[in-house]
């Protein structure tokens, strides 16, 4: 069993993720979000748990539903709100949407590298393979973690990247999220295998399938994969069994999802499950957990307000930064919270 | 005649062609049960069944490749890209397998790859592409982009009936914003024919897609100042209607090319070059190009607006041209 | 055990393939071949045996080393010689090289459809999936057979095509040729699995591995895959264990291939093996086999002469046939020999 | 100074940059033990070891993607396409991930994708590509194509030192046919600067790559008839050296753009458009383009010869231009 601080951290970030998304949903309904809102409701657990299993400088690359992974790595909710509202001081400076942003600290910084996704699914896999190949050349003992949806595993880029990582024996961990749908497409129309992790067989890559809504199981499985990677044992494809509890984006009415399925999965909510587990095992009292719930809610709210106060981009900036020679934005690096739960968790939410 | 939206026109074109010719079938991501990300194919699964409206895995190369194979066997596949940006993932299959097949082996590849292109809706760098220029240097492909509901229907029907691979770019900004009259009876708009959208004598605006309306808006504005611009809607980008282009140049002597993709390397180069080579004698002023800035498509509205040509910028460019 | 005519056919086409290639090698050395020559020496067996297992109208798509497959389906050596010499009456009319040509007969013709490859490896897999998808829509009970090298299985197109065929349950048979190298790249640098057919596990596709130099085994395994496909049981990935006994192309000195490996594989030559088997089992006497050897040699020679007599293309034809509206070449269809071994085998070679 | 071939120049550039900067590494198919299909990387595995000369699986998307990831981490990857035609298979990764990264996220992607382009050696439709125009409309990319050994070395070094993704097209016809003097000491040829290869007053030929020599041959021939043409070698195709282009136009007033890719949608459009817009006042004749025919690249020598521009066609085009 994990130690108490880690368990509380899992809970904290899962709650924070949900609260940030709930706040985003309000911003979406009030037309503050520019474009679509892509939620991870019901899947927050696997994002948070896998990201928390990394070491301090390890590389991570989320997809647009892995908000939890970013928050767990120290990204400020403010920056995510600002991204969704296309603000001028958002990490992408209003040039790109939602979780499409990166953070590449100097090697000495002991900070995680974050490689933001692009929309073209699958592309992150070879990119992350290259990132960790570089780290190996630089003699930095890093592993890389990224994600792929059930849909995304059907892309050629996924295949080429997994195979490359396997041949190069790279410490790349790929979480394959079987959340039952790719937009409206059910798993059975995406692949003729039942278990998503079986994709790994083509590459000679270690794989296992875990209950994606059991945060402790995901944490432990990721940790095993991290250890294997760090130990020179190559990549892992970790399948997580979960469910996308909202539409592809907020506009999607999910008419293609059987109601019974939603009911069934509602009972398996990762946050509720972790909460009972913590309470039952005596790791935290319900009052302590309520306290975290309050903290995350307040934190999400404060951060949203901060983002709301930010200006839209200045149109004069539109041509900056296409090539290196052009005026770059000063101070563009994302500022990470070192350990927001510990440092800011109290500082920020316990005023 | 009924007044319908651009998107309804596309849906009708698909439905009518499928009803007319049972070799026509649809392949794409989420086009069946869901009716497509933009609902272009809504209702078609119910009407034509899952053998002819195929929800595919998330695999652009596979679906375009499968379309090529099906076309070899005599079918008429119509593939949807959920956003046209994803056509980049199947660039090889289109430019190497589909485009070159007839020339290499005499086997034509009648297929259509269609999908929403263009910006103006805060789609960001990966959901706003206008990729025509990346395909324009590949002989064997045709490229179409309608600006009206009438053309959306007539050109899509022509594309489906065409014997060669056609890239069919639907401007998503127009899907539900443009409405016009469409005949009740079957008709096509032949590929390769431009349309004069407004007659004028002082200058010609050569454009297509969502820029047509902006050009017309600019023209209205300019007319108030006594400047009469002709607006030519290319409709088909490959093959280009050189004759229509040169006819307009001969008439006005001044040319502004407008497109939504970034300026450098855009189709505007080809258009300006044709004018500069074959219309040189008619020219009273430099051939001007107005296009988006040379950057990726930015997401935030103020940036995207600065990025793209609009009616005001078009009018200003025409004024410069006329004052030359 | 297969019946006598089939066994002799296997032998005939394998010999013919080798003879045509030997003749091509001479044409290459005498500068008649334009560009490179890509040989299948040592692998002729699997091409021939797999192609012969198809029904009369089944679809086939060779790669550039599957000359044997084309000959077995009735393509005339003359046309192959003409292709390699870039002649104006070659199937591609001098526009494309080696085995890059197609043959699409009308549905009623009871002739095989041949879909020629393009150089971009992997692309044939989705294309063939689409061909057989079309056949199913047309209610034609066809299967499709195509090939992929060990190198080719690393492409994204392979992955997407296999997965698509699996989900659509298409009667697509893919022969994955483990011939130990992709150009200079050995299998271990191409994939981290030992058995190439394991790629199929990612797709839920039936697979098996056969000795690619045992023509009877390849024939039988392909036949099983054909039967499965025809029976609605979906695709098969059939791995064949073989060896490329020449360089990637004739210019390649193969310095990267251990000599011992060539010795070992020379002893496993598919044609020699079939020959002993036929002789030992009494299917044919050595004299009868010698007779076939003579026939194929003469046939290759006559066909080469015919091709050599053909003119180069007329430069005036260069712009034909880019689009449908343009003047096409008249009579461009490839003329297939219905059963060259039986019909022409005697007629042509026994003057 | 030593006289070396174009291919030796490339090899030296790679070796010197790898020796100078241990962030530089090579990735590609058959580049290690085999030394590359054209032997550009021969000897580099022995010298720099398998960690810096990586033989990859047959996966263009993976290797360009891995290069992007490595560049994110501060490395300087140089990727070989066995033939530049295969760049089509990684079009998405280049145009969407590599090209847009700096703009979207401030993270530059210093990588080079290099490989043999071009025809004239009976490579056929899939081993003869000149794909510059397909990438020219993607802001964020740079495109380079040397015509001499001196430039091959100096431009490749500059490309490797560049902070942005560079597509480096090596014309395979030149690999062993072109030889010239190259300094012994370290030098670069800065990206973005064209070079006047021959001065002239009657007309300007704007070209690059293997067409430079054909243009010079045509110029020699034309000089016999008293026509003095200027030959401008662009060297970098993105960003274009507009100044050099317009300077030459200002001098001669007559422009012939020559390139080897098919005419329609080729880079000639962009070049002609620049001239027609910003050099209009200098023009004494229409801007002419001479390029390959609008077909796939045919394999058979008589067809390929008919397909491509050669010195005679160039000279004839200049004569027309001068006689205008």
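First chain written, first letter: the chains are A, B, C and D, and each begins at residue 1.
Going forward, contacts are C-beta pairs under 8 Å (C-beta built on N, C-alpha and C of every residue); 3 or more make two chains touch, one makes a residue touch a chain.
Everything quoted here is computed from the prediction, not taken from an experiment.
**Q** Return the chain pair with more inter-chain C-beta contacts, choosing between B-C and A-B.
**A** B-C
**Q** Taking each chain's centre as the mean of its C-alpha atoms, give the chain farthest from chain C.
**A** Between chain C and every other chain, the largest centroid distance is to A.
**Q** Using mean C-alpha positions as chain centres, tell me how far chain A is from chain D in Å, no decimals.
**A** Chain A and chain D have C-alpha centres separated by 41 Å.
**Q** Whole-Å distance, chain A centre to chain B centre, using C-alpha means?
**A** Chain A and chain B have C-alpha centres separated by 37 Å.
**Q** Just how far, in Å, is the C-alpha centre of chain D from the one of chain B?
**A** Distance between chain centres, rounded to whole Å: 30 Å.
**Q** Mind pulling the residue numbers of chain D that touch at least two other chains?
**A** Touching at least two other chains: 56-57, 59-62, 85, 88-89, 92, 96, 100, 103-104, 125-126, 139-140, 294-296, 298.
**Q** Give the residues of chain A touching no fewer than two other chains, as numbers and ranges.
**A** 92, 95-96, 100, 118-120, 154-157, 160, 163, 167, 189-191, 322
**Q** Which residues, counting only chain A, touch chain C once they are in their complex?
**A** 154-160, 163, 166-167, 169, 188-194, 198-205, 234
**Q** Spell out the part of chain D that touches chain B in their complex, as residue ranges.
**A** For chain D paired with chain B, touching residues are 85, 88-89, 91-92, 95-96, 99-100, 103-104, 125-126, 131, 133-140, 238, 240, 261-262, 264-273, 275-278, 280-281, 283, 285-289, 294-296, 298.
**Q** Spell out the part of chain C that touches chain B in their complex, as residue ranges.
**A** These residues of chain C touch chain B: 59, 91-93, 95-96, 100-102, 104, 107, 113, 115-116, 118-120, 123, 125-135, 137-138, 156-157, 160-161, 163-164, 167-168, 321-324, 328-329, 332-333.
**Q** Help me check something: in the complex, which residues belonging to chain D touch chain A?
**A** 25, 51-52, 54, 56-57, 59-75, 77, 92-93, 96-97, 100-108, 139-140, 142, 162-164, 239
**Q** Name, in rising order, each residue of chain C that touches chain D in their complex.
**A** Residues 34-35, 86-88, 92, 94-97, 100, 118-121, 151-152, 154-157, 182-185, 189-191, 255-256, 312-319, 322.
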